[in-house]
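Sharing a structure below in structure tokens format, with a few things to ask.
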Amino acid sequence: MSFDFSLTPRVEEWRGRIAEFVGGVVIPREQEAFTNGLDDDLRRELQEAAKGAGIWAPQAPADLGGGGFRFDEAAVLLEEAGTSLLGPLALGCAAPDEGNIHLLNMVATPAQREKYLLPLVNGDVRSCFAMTEPPPGAGSDPSAVRTLATKAPGGWTISGEKHLITGAEGAAFSIVMARDDESGGATMLMVDTDTPGFVVKEHARTIDSTMVGGHCRVLFEDVFVPDDAVLGEPGLGFRYVQVRLAPARLTHCMRWLGAARRAHEIALGRAVDRELFGQRMTDLGMAQQLIADNEIDLVAARALLWQSCWELAGGDKGNESSSRAKVFVSEAVGRIVDRSVQLAGGMGTSEDLVIGRVYADIRAFRIYDGASEAHRMSIAKRTARRARTAADKGNEVR
Amino acid sequence: MSFDFSLTPRVEEWRGRIAEFVGGVVIPREQEAFTNGLDDDLRRELQEAAKGAGIWAPQAPADLGGGGFRFDEAAVLLEEAGTSLLGPLALGCAAPDEGNIHLLNMVATPAQREKYLLPLVNGDVRSCFAMTEPPPGAGSDPSAVRTLATKAPGGWTISGEKHLITGAEGAAFSIVMARDDESGGATMLMVDTDTPGFVVKEHARTIDSTMVGGHCRVLFEDVFVPDDAVLGEPGLGFRYVQVRLAPARLTHCMRWLGAARRAHEIALGRAVDRELFGQRMTDLGMAQQLIADNEIDLVAARALLWQSCWELAGGDKGNESSSRAKVFVSEAVGRIVDRSVQLAGGMGTSEDLVIGRVYADIRAFRIYDGASEAHRMSIAKRTARRARTAADKGNEVR
Amino acid sequence: MSFDFSLTPRVEEWRGRIAEFVGGVVIPREQEAFTNGLDDDLRRELQEAAKGAGIWAPQAPADLGGGGFRFDEAAVLLEEAGTSLLGPLALGCAAPDEGNIHLLNMVATPAQREKYLLPLVNGDVRSCFAMTEPPPGAGSDPSAVRTLATKAPGGWTISGEKHLITGAEGAAFSIVMARDDESGGATMLMVDTDTPGFVVKEHARTIDSTMVGGHCRVLFEDVFVPDDAVLGEPGLGFRYVQVRLAPARLTHCMRWLGAARRAHEIALGRAVDRELFGQRMTDLGMAQQLIADNEIDLVAARALLWQSCWELAGGDKGNESSSRAKVFVSEAVGRIVDRSVQLAGGMGTSEDLVIGRVYADIRAFRIYDGASEAHRMSIAKRTARRARTAADKGNEVR
Amino acid sequence: MSFDFSLTPRVEEWRGRIAEFVGGVVIPREQEAFTNGLDDDLRRELQEAAKGAGIWAPQAPADLGGGGFRFDEAAVLLEEAGTSLLGPLALGCAAPDEGNIHLLNMVATPAQREKYLLPLVNGDVRSCFAMTEPPPGAGSDPSAVRTLATKAPGGWTISGEKHLITGAEGAAFSIVMARDDESGGATMLMVDTDTPGFVVKEHARTIDSTMVGGHCRVLFEDVFVPDDAVLGEPGLGFRYVQVRLAPARLTHCMRWLGAARRAHEIALGRAVDRELFGQRMTDLGMAQQLIADNEIDLVAARALLWQSCWELAGGDKGNESSSRAKVFVSEAVGRIVDRSVQLAGGMGTSEDLVIGRVYADIRAFRIYDGASEAHRMSIAKRTARRARTAADKGNEVR
């Protein structure tokens, strides 16, 4: 049979439980977290509750204690978790840990699984992923990485500077991406954050505020790690980056889609109660346009996201597919939240109404995990290459 | 199993055959049709060829001689047919006949099936659907219909004025939508075009040019039709309109998606051969942006369209779903073709390069079958109603 | 002579001085203000410095100690002041005081000028303008005002609730807009903030952060004010609102245009130093598009703004003209800052780079002083009225 | 005095006369021209009438028989002429003749003025400007010109291929842009169209239809012209191109702004007469949005255009300024006409209602005279160069 957009009963059931949990347990803690900041105490409390509710880590492998859902099924569940900015953290499916779990599960050695993966899946510790560097280092272009891993007797010495490392403050370990002159490529290494020379500097004062552990500048001052700190094999760093990136950008899409839906629902809930210029607000054409465009963007983003996730779930590397989905979804959720601000009016930019918080927090998603421009360049190059090949084969474009 | 975006082997096979047919048989006739107009002789010739190629009427019921594909499967095939503006006509899946086939198949009496449906499916005749009227009559708002069907002894007398009736010139019969003071509702009637009082007046001089039979003003000057000319039952006209509209707007989406893809491919084929400002054109960032945005819009439009078609195939009435898809797809294909014009440069607005023809022909799709604004209003009203109900139940938006 | 876009030597001279002052004195204090909040101490210090630099209150009447510039000339100077988020405050031309100065100058009695206007122009005190109310009260539709002013012996009693009152915390007085059942219209009143019953409640936790005194909820609990607290005459509140609104929305445009230009310049300054994908960033087409679109939006917004200000300076009430300018400029500056974020990359959403702060602070401008939707409605109604009149006169649209 | 947006009495007077002439004389001939094509007989008839009405060639020098208006004043008058697609031709200010008049007036020798300029200003003959070539020749990048002018005894031999040469069919002479290996630059030459080897081939079948003489492919088959056929001096072709291009793209903006305003007015005239969904159409919010956005785009485009024209009138070369105006205006008029189509509904794409004709004719303006992308690249490069210089001077961006 071709085409199926239906949810399995198990997905439906988890989705219902997650919705109930987010509405009943997570959302009541939002204003507190917005005001006082989001710390590890609140994180642990919410995570315990999520485990109790039987909705822990939907995307993580079942044998590690997660939900074991297929990647495209996880799209449904992580969207639901994302309806609170605290939801993904509560459910053990927030960045950057969720992406690190995926990567470790794919390439970690048995010892690394034991030491890093298990406590991470279980929420005992947090982690970070140290790739991004200040210009002219790694960013939308990972191949520009400048942090250096140098082979030393019995291990490696890492030196360099990273910035915008989400969750670095308070993380137990970091996966580090480094240029490796040995292999001429790049190598990923596991670094415990209490290793000498691993220094967390200031947090970037960005306008988002719901990432535990901030976005930190991190120095690697001749950090020595033993040979078994290499993740997988040396020299395969660029390959591993791809293993992490495509699914990680899609789980971001899932979560932010939930956040955008929430902003839309809040704005809508206010609109149905308001009158303006002598009419019900929802009878005003320009309000209707905001509402309808949000509904349309939500379903279009979801349909495209599901398709891309389905392709990855089926074994596709998904670079081009996930690039297209990332650009579309990140821009669509931006539009949705912007319209929700507008629909909500004067309080639309406030944390009190949550929408303002989402507006500020969601902006960077068009930049991280590959800026829209970088993905567009990549999509266009692949497209042009195919067109070039077709033309060379004498298959004239019709 | 949840989620499946794969094509069945039979769909794949038909798609391949259609692609080959459009490329080998239809496209070579395009410039001739653009220059001399598209007439019934060319139509019949292409239709015979399509039958010979085993790709006739993919969406029509198998027992009537069509392909018998499920509605969501047809989405794949009608997109392929749409890659030439002549393709849908050649394959027996063009508007307005395709929508009339669907409607007749759902509600016609056995006698009407025999008399009207069979020759229509077979391509022996063409038909038209007479609903739209000059303002202030029926348009985006079908309930404003003013053409009147009056009960007379042994039949009905129809009087009124329609305009923009696609394919009226040369049609064998028309399905007519008329206000019916008997029932207080609306009634649909079958009118042979040689009935006295059925008068085809001037064609609107619109900028599109590939619809056989034009967009005509049609007068109903006291047209008498017998009782068995009523389609289905009297008084159910508004219900039947809905039977036709949701799928008809989606088949439009399918075909225009193909046309937009074609425009993109032509522009791309030129771009890979060009140099500009000393660089390959496809290495220029702004060209890459046009290309990438086209690729993204194509996949997003397709994913949303498939989902909506899948819902209709499963029995959903699909009013809201098809409204969302219609707005998104009609606007996405408009953007795609506009970017293709820009990418193609100086010849981008020419028929010689086909893109210019598509640009002119596709514009009206944001208006007919419900203007974007009418669909947005409808989507917003339904959304607000749900939000209102949720709020009344005390389910505060979280 | 028709058409002149040149600046007078005096405008040029002030502009140069303001640019120097903002760059040399104000900008060095920005990070401190972002981190610790913007308080009255810093405000006074900067204001003293501005007076010393001979650039105090460019828009205020010369006989009150301001620059005395014509309104369209002020557009040039307030844009320059706006290049720092602290600049307008430093120069005595920030909202809401600047708008209150204008209003008081137009309608205050001699005694009110003495008591309120002079210290306000001089920066001795701050003020607020209490119009906006929680739904369903006054907002984009001022006529929905619900706060009530009741005639009492020797004065008036005001009761009601306002919200989002910018600068209320720490203001010396408030201009209050109230429904007035006596006149059947509205009346504006001067209220010293130490009057019993004037209660400043919580600040809305909005994502902007550079308005001294926050956006507060304010209660009027049977606040009694004497008869001479009426601003101008009773019953003319709606007329006075118009006196304030048109110029106030244009001075907002001036200041935010400066802020947007600054964000663009910062992003540009980074871009010219960066390399990406092996090219200079400013040679990448998609970066060029961001840069060029910013340049275009800046000049288009400025040209339209100048024209609208010139009309007001010439005595036009400018309701329609200022509505058009407000919609265009508020949306253009939003686009410019959004593109600047994107161009700046990972640090684009940070306060460290200033752009992130501007991004968060500028969003509400599409809502306050009339949401874009309210202005569009007003523009369309006036346009339709003219078209209706023309049609009725038999002047068929050609 | 700084800033003046007022019109002089003489401009007001001409504008009134032009409006009356276009409404009374030109518009009544539109449908005929749309149906039968626009030929030189109709052109001559309308031009005689325009001369009789005292509104001939507003932009042409007074000593040559034109209106002698300053360039920024001409902006007002050419917009008015543009309200009919036939208007500019009728008034002697249509492309390509208007641009050729400007160029010849700046650089032609006395003999060339006598032979070519005088009859052209007078409307006795038509001309064309042969620069654009099929890829990979001259287009958005004039420096790619491949047509060759070779020095021969007593003259030059021109060989090459041009395409999209507007007005070539029926022109008396052509200004030809050719690479000139003698000078290593480019040279412009005057070629009478009856010179042997000057061959007008097929018209591109573009979707516009109101340019007399079509957009033709033109062959130069070893065309010999005498030495005095060189326009101005040999080797200065690229400089002369700039003399022509900046003002020519702005006069296009003027004329198309008029066409867009006309489309808007027609759509508006229909809207005020329509009811839809039980409301007056102009009370529907989404219609109001279309109307308001058109009004805003019209005034923004006009303000920016006037400013750019004022700069050119003052002696500025205006390359960057005219690039910005061209991008903004060409895209704004595109949006305006697109919204007008939508507002007009079913007949919006028809020639009967004129809007459809404008929609098709206006599209190419985002491509010719420099595609939007080429202008954006040029704007960004100049902007980056300034930012680079500022940074190098140690003027850190603040």
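Chains here go by letter, A, B, C and D, matching the order in which they are written, and residues are numbered from 1 within each.
Just so we're on the same page, a residue touches a chain if its C-beta (ideal position, glycine included) is under 8 Å from a C-beta of that chain, and two chains touch if they have at least 3 such contacts.
Protein identities per chain, from UniProt: A, B, C, D = Acyl-CoA dehydrogenase family protein.
The structure presented is a predicted model; accordingly, all values stated were derived computationally and were not measured.
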Taking each chain's C-alpha mean as its centre, the one farthest from subunit B: C
Between B-D and C-D, the pair with more C-beta contacts: C-D
Distance between chain centroids, defined by C-alpha means - subunit B, subunit C (Å): 50
For subunit B paired with subunit D, centre-to-centre distance based on mean C-alpha positions, whole Å: 37
Gap in Å, rounded to a whole number, between the CA centres of subunit D and subunit C: 40
Interface hub residues of subunit B, defined as touching at least two other chains: 273, 284-289, 373, 376-377
Complex contacts: residues of subunit C adjacent to subunit B: 284-289
Sites on subunit D touched by subunit C in the complex: 1-8, 11, 22-23, 27, 70, 72-73, 83-84, 262, 265-266, 268-269, 271-273, 282, 285, 287-289, 291-293, 295-296, 299-301, 303-304, 306-307, 310-311, 313, 321, 324, 327-328, 373, 375-377, 379-381, 383-384, 387-388, 390-391, 396-398
Contact footprint of subunit B on subunit D as seen in their complex: 34-35, 132, 135-136, 139-141, 144, 163-164, 204-208, 270, 273-277, 284, 286-287, 341-342, 345-352, 356-357, 359-360, 363-364, 366-368, 371-374, 376-377
